[in-house]
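What follows is a pair of complexes built around chain A, which joins chain B in one and chain C in the other.
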Partner chain A sequence: MPRTEFSPSIASRPVYAGLTSQGATPAIMLADAEGAEALIDLAGQDASVMDRAHLIYIPAGAPHGPRLAALGARLYHEAPSFAACLERYRQALAEAHMGSQLYLAGTEGLIGQATAEALAAGLPADAIHTEHRGSVARRMQCVHCKGVTENVTTDPFICAHCGLTLFVRDHFSRRLGAFQGVCVDAETPGIVPPAQEIKP
Partner chain B sequence: MKSQLLRVTAIEPLSPLVSRFRFEHPEGAALPLFSGGAHIVVEMPDGEILRRNAYSLISDPLDGSCYEIAVRREDTGRGGSRFMHTKVAVGDLLRLSVPLNLFSLDLRAKKHVLIAGGIGITPFIAQLRQIARLQVPFELHYAARSRDEAAGLKLLPDVPQIHVHISDEGNRMDLGAILGAQPLGTHVYTCGPEGLIDAVAETGRRLGWPKAVLHSEVFMSPPPGAPFEVTLEKTGRTISVAPHQSLLEALEASDVEIEWSCRGGACGRCETGVSACDGHIEHHDHWLSDDEKASQTKIMPCVSRFQGAKLALDL
Partner chain C sequence: MTIRFNDETFRGDYTYHNSPEAIRRFPFPFDQDSYMYSVNIEPHAGGRAGSPFEKRFDVDEHYVSEMKDRAITLAEDPMRCQSLPHMDLAGWDFLELVMTSKAEDYPELFELHRDGDRWHWINKPMGIEQRFTFLDTTTLPCGPLEYITRQTQGDHALLDQREGNLWMDAGMITSQADWSLDFDIGMNFFEWHAPVPKAHEMGVFQRALKFLLNLQQGAPVRRLNWTMTVNPRLDTSPENYHKWGPEKRTITPETVGSKQYLRVELQTLWRLPRSNAIAFPIRCYLLSLEDLVSVPKWGRRLHRVLRDLPDELAEYKGFAVNRPTIVAYLAQFDDGEPTSPGIFPD
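What follows is the complex of A and B.
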């Protein structure tokens, strides 16, 4: 699956420039599902980028694990979910030194949460490199109940926590790594536009 | 309030070349507080010439009872520091600008690494007080040629985070080691000669540090050069700039008022448009981009000079 091109939007909407090698510096790499292919392409550009890399992969049903494992990262680890590898990821950030690079590839939910963790750990934004691949499903925060609904693919959608019907905004919280969902029928209760699939 | 007349209440040598000057309000009023890294500009009426030099404040940023600066005597310089060392006495009144900070700590940092070369230690003295209150991890590396030159030694607290590198004693600063193992969230601040700032930037680049966390302040006074003339477009006046005078000082001496803050090519305040240029502008500032410099359509009169047939300013 190639890199996703998103249509232009408000400044709040994150953009993902694509991965380019920063050389053989210490690096943390985190990818989910189709994001693996972005890392495979990255290693294709410059194999040395893997020499000092700690690579964490969340397959989410994708078949790319063996190819990723063969890239020669210093450390390779697979995890079933972001939550399952969060402690390992935090530990890697805690042990990292300035000059380390972070490569994130895959869905917006993963990139957003991993970026928020890295910034909180003190990694400068300029050391974070991102590429979107795969599903355009979004991680949404309900602005009313604050609950987060993962893998939202339609607009509007039903909040998994409070049951309101929420409009999918491009307004993004960098702190939470989530887009904001706002009640779509607050003024006209019960009048809800038909759900459409979210487009890039 | 842009400036205030303050009394010199103490002058104390810190090293053979560097003295500390203390200023207080003549009626004992409290002075505006500042933040670590701030500077003031001292007006020095030296005969016909009114000089203005910027100095970092080295007193406690939260102490409004006085301002202190450390002045290094430069006998080959333009005379500002010599004026301070030879003409200023306790009891004198001097005009000081209010503090301005172009080199403040980034308060988002999880750790501060301060790197000083020579007299570049001065902004860090006040920053250390601020860091102590913030209780954020830090380290300071202070490089000087000899112990005699290291005037800052008298001003620094005796704590293990402070590392002194005296090159005469064979203890040189190893930038690769300093930048090689810093935790995430570290910001670096360098003050000193241009060579040191370039070396930190180059080491940082090699180790993958983003530029945004490498801060620096060059200690720059206007460099002397060949005399030149400028024409003021709006009035048609021609003004001569002497070898040891900056263009800004020449304009001020002719009663042409220009906005300024740092007088060292860093803040951008004095930026002036060039309406005609037949020759070469010697850009000494750290403000204009390389493209702007090459276009010769702007000049920073506080530090930059000119060589050639004609320079006309939008003034």
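What follows is the complex of A and C.
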């Protein structure tokens, strides 16, 4: 799957510039599913980018593990979910120092959460490199109950926590790593427009 | 000057009301018969006697009831007041600014006695007396921002200045026109303004930010913003949108005059001395259309502004569904006569 091209949006919506090698510096790399192909392409640009890299992969059913493992990262780890590797990722962020680079690739949910963790850990924004690949599913925070629903692919959708039907906004919080969902039938309870697939 | 404080509600039975004096001093936001976004910033250096621009922090007949409404909102949702850890000093700066300004501008209502860092604050309308040590949070019942904004009308955001931008890193937001502090906290000037249509493309936010980064201590500025609200509700938050949303659809030709309110925000901006942060009070004034048209100039002008407003703005401000009813109502009060320049009644 190639890099995702998104249509122009509002200023809070993140843009994913694509990965380019920052050289053989200490690096943390995190990818899910099709994000693996972005790291494979990155290593294709500059194999030395892997020399000091700690690579964490969340396959989520995708078959790219063996190719990623063969790229020669200093540390390679496969995790079943972001939650499962969160403490490992946090420790890596805590040990990062001046000049360490972070490469994130895959879905917006993964990039959003991983960016929020990195910023909270004090990593400078210009050390964070991102590339979107794969599903355009969104990570949505319900503005009413504050619960986060992962992997939202339709607009509107049902909040996994409070059950309200929410429309999908482009307004995005980097601190939360999530888009905002707002009750779609607040003014006319029960009148809900048909669900549409979310477009890039 | 003595103020009689109204006993009134901003929810439920909505007993909020404006006295004839409050109607006359309403900060009508339109100085001409049309409206578009602009960098409408002017010095906040006093204003016409009796107007809401006269004092640094306007206190009016709604003060006590507004503070009760804030307390209700906070009890339901404490996250309406948040402060990131590095914003404590800015909170103290703001507490000092409000206490010193109110004690000087309204000596019959507020007193501040200072003996070094040992302060004694008296708020007569709310019946509060507090002795505390300035800059020592353990001597207040809550953080400094929450403490002072539970006693100050309007919402308040505190902006940290760094990397050539402003960051909304603290606030007390209980009477907002449909935006969430909990979601926006930590965003920069361009990010939190992202949902606003047109203004980005017009360069309004670029110019406004450039101006604000150079804001000087002792030289506060102000601007007016406005929207339309059904019922005199302060808490038009996105958090509670599913609760107040149905009320928006209760506007009919019969109810529009009494239920539809023009909501005006008097926004001021203050450079704070120790933290170098900026304080951004957003003071909300509500006036029903039937009260508004008692000033003939305002009735004429509001009709023309709302009739000609670009659709994107009516949509963004959330009154597109009621616009035809509102404009039809106001048309009765527009005889086509010219209006005088400026915002004040003739």
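A few comments on the model shown:
The rule is simple: the second predicted complex is superposed on the first by the 200 of 200 C-alpha atoms of A that agree within 3 Å, B and C clash if a C-alpha of one lies under 4 Å from a C-alpha of the other, contacts with A are read in each partner's own complex, and residues count from 1 in each chain.
The rule is short, and it goes like this: contacts are C-beta pairs under 8 Å (C-beta built on N, C-alpha and C of every residue); 3 or more make two chains touch, one makes a residue touch a chain.
If you're wondering where the values come from, they're calculated on a predicted model, not measured in any experiment.
Of the two partner chains, chain B is the only one touched by A:M98; chain C is not. Residue contacts after overlaying the shared chain place A:A137 against neither chain B nor chain C.
Shared-chain residue A:L86: touches no atom of chain B or chain C. Using the contact criterion defined above for the overlaid structures, shared-chain residue A:I158 touches neither chain B nor chain C, since it reaches no partner. Remark: chain A residues 10-13, 141, 143-144, 146, 164, 169-171, 173-176, 180, 182-183, 186-189 touch chain C in the complex.
Looking at the complex, you find that chain B touches chain A at residues 109-110, 179-186, 204, 207-213. Residues of chain A touching chain B in their complex: 22-23, 25-26, 93-94, 96-101, 121-127. Touching chain A in their complex are the following residues of chain C: 79, 180, 182-187, 190-195, 200, 238-242, 245-246, 248-249, 321.
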